[in-house]
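Structures are listed in the sections that come next.
Shared between the two complexes below is chain A, which has chain B as its partner in the first and chain C in the second.
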Partner chain A sequence: MSARAIRSETSSRMRSLAAVLLVLAVWEGAARLFSPGLNPIIPPPTLLVTYVADHLGLLFVVMRPTVIEAVAGFAIGSAISIVMAALFVRFRGVEAAMSNTLVLIHSLPMLAIIPLLVIWFGIGYTPKIIIAALATFFPVLNGALRGLRSADRSTLELMHLLDASGLQTLFKVRIPASLPYIFAGLKIAAPQAVLGATVAEWIGSREGLGSQILMALLNYDVPLLWACMVLCAMMAATGFCTILAVEYIVIGRRAEPVKAED
Partner chain B sequence: MSTMDISPAAPSGPPRSSAAGFNDFLLRYASPLVVFALLAIWQLIAMVLVIPVYILPQPLNLIMALPANGQTLFRGWIVTVLEASAGFIIGNIFSIAVAFLVTVSRTARAGIMPVALAIKSVPMVAITPLITLSVGFGHSTVVTVAAIVCFFPTLVNVSRGLRAAPSGSVDLFHILNANPVHTFWKLRMPYALPYLFTALRITAPAALGGAMLAEYVASNAGLGYLIQDGYGRFQFVLVWQIVVVATITTLVAFSTVVFFEKRLVDNRR
Partner chain C sequence: MQNGEIELVGVSKTFPSPSGALRAVEQVDCSISKGEFVALIGPSGCGKSTVLRMLGDLDHPTTGSVTIAGQPPAEMRRRRRIGMVFQDANLLPWRTVRENIALPLEVAGKSASGTARKIDDLLNLVGLADFPDALPWQLSGGMRQRVAIARALVLNPEVLLLDEPFGALDEITRNRLNIDLLKIWTEVGITAVLVTHSLSEAVLMSDRIFVMSPRPAVITATIPVGLARPRNAAMQRSQEFFDIVAQTGEALYRPFETDDNEAAA
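What follows is the complex of A and B.
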């Protein structure tokens, strides 16, 4: 990267930072100016910060179940979808047989199946984990399928010539080639898992971010609502960044950046 | 892309032998057959084990109860579809406009994109209650949520697409003294179309999902509200019917986008 490119990169970063700061400043000023009442719908950022600082304990308690559900759902969903993608690539018939069923499941409205899951599994963690897993499943499956098919054809032919077994080809060629795609899928899926867990908590739940958000809405507790919203966003961002970090550790810089189109 | 593109594996080439023909037949029809088989198994299990309706209604139950619930379902469905469509149109028009702005001006890009990405990373579930507070209970909230759901995927994809035009062509337009509007419609938009459709494949189903989500908390009409209502009144058959109707609607929305994509986008690129 040339010095000039770096400088232009830095200047664009500075501009972005300036834009964010400007937005925050305008927000603060406008909120203080126009809605000095007790419960403004858009509270000034400083008020939010003090609120969060004052209620750290509560927010931690609220967040804990959601984190557990999202992480468990994410792990289960991505494990199943990667195994399934490997099966699909190995046995074409399986994919042909399953594709319509999967598309159907994918089109199921999350919101609609949550009540059913609550009826089946109660109001504990299970329905939320299932929803988080479902939300994770399809982006990862999509990435893994593309990735496992992205292996270089001539390398595959070489493996064939060398009389490599299916498993050897899978582990030595297909999986390494698929990693950037799988990580692209995981990066989409991590925020989705948080979203899934939170929606699932809307229905049939007494704890967690989702139910707290609803409570805050019904009680007109605007600062709490905002705090939950920011927490939710931060959890999604943390998930994304964690995957990003793992990706960096596992495949490093050499990976072609596969753009996550979500 | 979060949308699945596992299309039914289309066998290529003519059938070679009768064995290959049978194989092709399986590849082509196995998938719908599996769906039907699952439905049949579901029906059998529910019937043989006498599973109560509130745990698992039989598929036949759902069909039999259609006349009774038909009107309720249709009323809810039409509300959801209208709200989702309104949100879809508004959200996409806005985001294409913003994408244009972001492409034309670097300052706008530096200013808008980080804020947009920050808002995009806030899950919809968290924003919906806030929108309810600020916009009010009812249709406007639902349309707003559907529009916001559509806004960001389209913005990200189209702004990428608008920059996909080859720089040689951009230079040519510049030399020919084309104004920005011409450059937009004649050059950048055609190149951005595939990107736009990638976004629409995501946003068409997402608008429906977002609308239902918003209806669940902030409305007294539509499928999302009916889910909450039916669930609260132990009308489990109705809830299941809504699941089916919503799923079919989502599939139809997705297929419609794909239909237009096939007509309008040159697939060779």
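What follows is the complex of A and C.
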């Protein structure tokens, strides 16, 4: 990369940071100017920061179950969907048999399933993990299916010519070729898992970020609502960035740099 | 006629299509000797690639028989005696040059330690000794095809199938690669079958040229190429070369010219 390209990248990062700071400054000014009350609907950012700092212990306790549910659901959902995609690609009949059922499950609104899951599994972690897994399942399945089918025809013919076994073709060609697609799915799924876990906690739950949001709403505790929202966003962003980092470790070094027109 | 390395006897291939059966190849007979370099030339879509694919067990004749060293292609494929270079280099983009060349060895279950020398030799042979750790996207189109040639040769096959390997390259690069490929062919001593639609390429490379007609493909002429070996780029400017190109061209274009005359009449 040329020095000029590095400079332009740095300056674009500086610009985006400046834009965020500017928005925060305008927000701070407006909030202090127009609603100087103690519990404003839109609290200034500094108030949020002090609030989070003061309630760090509480927020950590509140966040813990949500993190556990989101991570567990994400892991289970992505594992099932990748294995299922491999089965679909290997056995066409399985996909034909299951695709309609999957579309049906996918079209069920999450909010409608949660009460049922609570009745079935109680108010523990299970229903939340199932919702997080469901939220993860479809983007990852979609990515994995497209990825496993992305190998060139001529590459597959080469493997045939070499008398490669189905497993060799899977591990040497199909799976490596599918990784960028699977990571694309995982990057969409990670914030979805956090969202799924949080929403699932709205119904039938005594702990977690979702339940805290509901209580903050009933108590009209607007700063707490904001703090929960910020935490929720941070968890989603952390999930996304973790996948991004893993992707870089696994394939980044070998990937073709993205072209300008992409 | 059972004396050649590669024997095609009465080979026809029909593909099912929405508008009835599509006759791609019809009654092709040919015999290719061990160590010979032959070219199949014909208009695009004529079925010459189908013939090549049948040799590699990627397609199967509807009628007739194909044998390589007396064996059906499926058997030769199972023994991994066939190397093939495709139109597109189809390298695995996440593998380095060295790892791409090693792919057939891995599939065949050969240990990495015992094969490092083999890969080094091939890297030298195809002129990529300086780029063992490059990734495919860092290479030019011609270099990628060099990797594909090395990969096709790594298991020491008996037959090398070349499906328009340099068709997508510019003429100058293509010429260089062709001359290098001839050197490799001489060194390795392998039976080579090249599918091409370039007259000069066919003449430069081969001992014999099989000229094929538009679909359904039949062999309309077999042209022996008497140019001395080893061949070099300068031969392409000799009178002898031009004469053979003209002779091949006449056989290649005859069916079209008849059509034109009929249309004019």
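Going forward, the second predicted complex is superposed on the first by the 247 of 262 C-alpha atoms of A that agree within 3 Å, B and C clash if a C-alpha of one lies under 4 Å from a C-alpha of the other, contacts with A are read in each partner's own complex, and residues count from 1 in each chain.
In this text, a residue touches a chain if its C-beta (ideal position, glycine included) is under 8 Å from a C-beta of that chain, and two chains touch if they have at least 3 such contacts.
On a predicted model such as this, the values are computed, not experimentally measured, just so you know.
Applying the stated contact rule after C-alpha superposition, one finds that A:Ala112 touches chain B and leaves chain C untouched. Between chain B and chain C, B contacts the larger number of chain A residues. Contacts of A:Asp152 after superposition: chain C is touched, whereas chain B is not reached.
In the superposition on chain A, A:Lys172 contacts chain C only, with no contact to chain B. Shared-chain residue A:Ala164: touches chain C; no touch with chain B.
Look at A:Leu217: by the touch rule set out above, it reaches chain B but stays clear of chain C.
Across the interface of their complex, chain A is touched by residues 56-58, 77-78, 80, 82, 84, 86-88, 90, 92-94, 103-104, 106-108, 135, 137 of chain C.
On the chain A side of its complex with chain B, the touching residues are 12, 15-16, 19-20, 22-23, 41-42, 88, 92-93, 95-104, 106-113, 115-116, 119-120, 138-139, 141-142, 145, 188, 191-192, 194-195, 198-199, 202-203, 209-210, 213-214, 216-217, 220, 222, 225-226, 228-230, 232-233, 236-237, 240, 259, 261-262. The residues of chain B lying in touch with chain A in their complex are 1-9, 26-28, 30-35, 38, 54-55, 106-107, 110-115, 118, 121-127, 129-130, 132-134, 153, 156-157, 160, 198, 202, 205, 208-209, 212-213, 216-217, 223-224, 227, 231, 236, 239-240, 242-243, 246-247, 250-251, 254. Interface of chain A with chain C (complex): residues 152, 154-155, 157-164, 168, 172-173, 176-177, 179, 251, 254-256.
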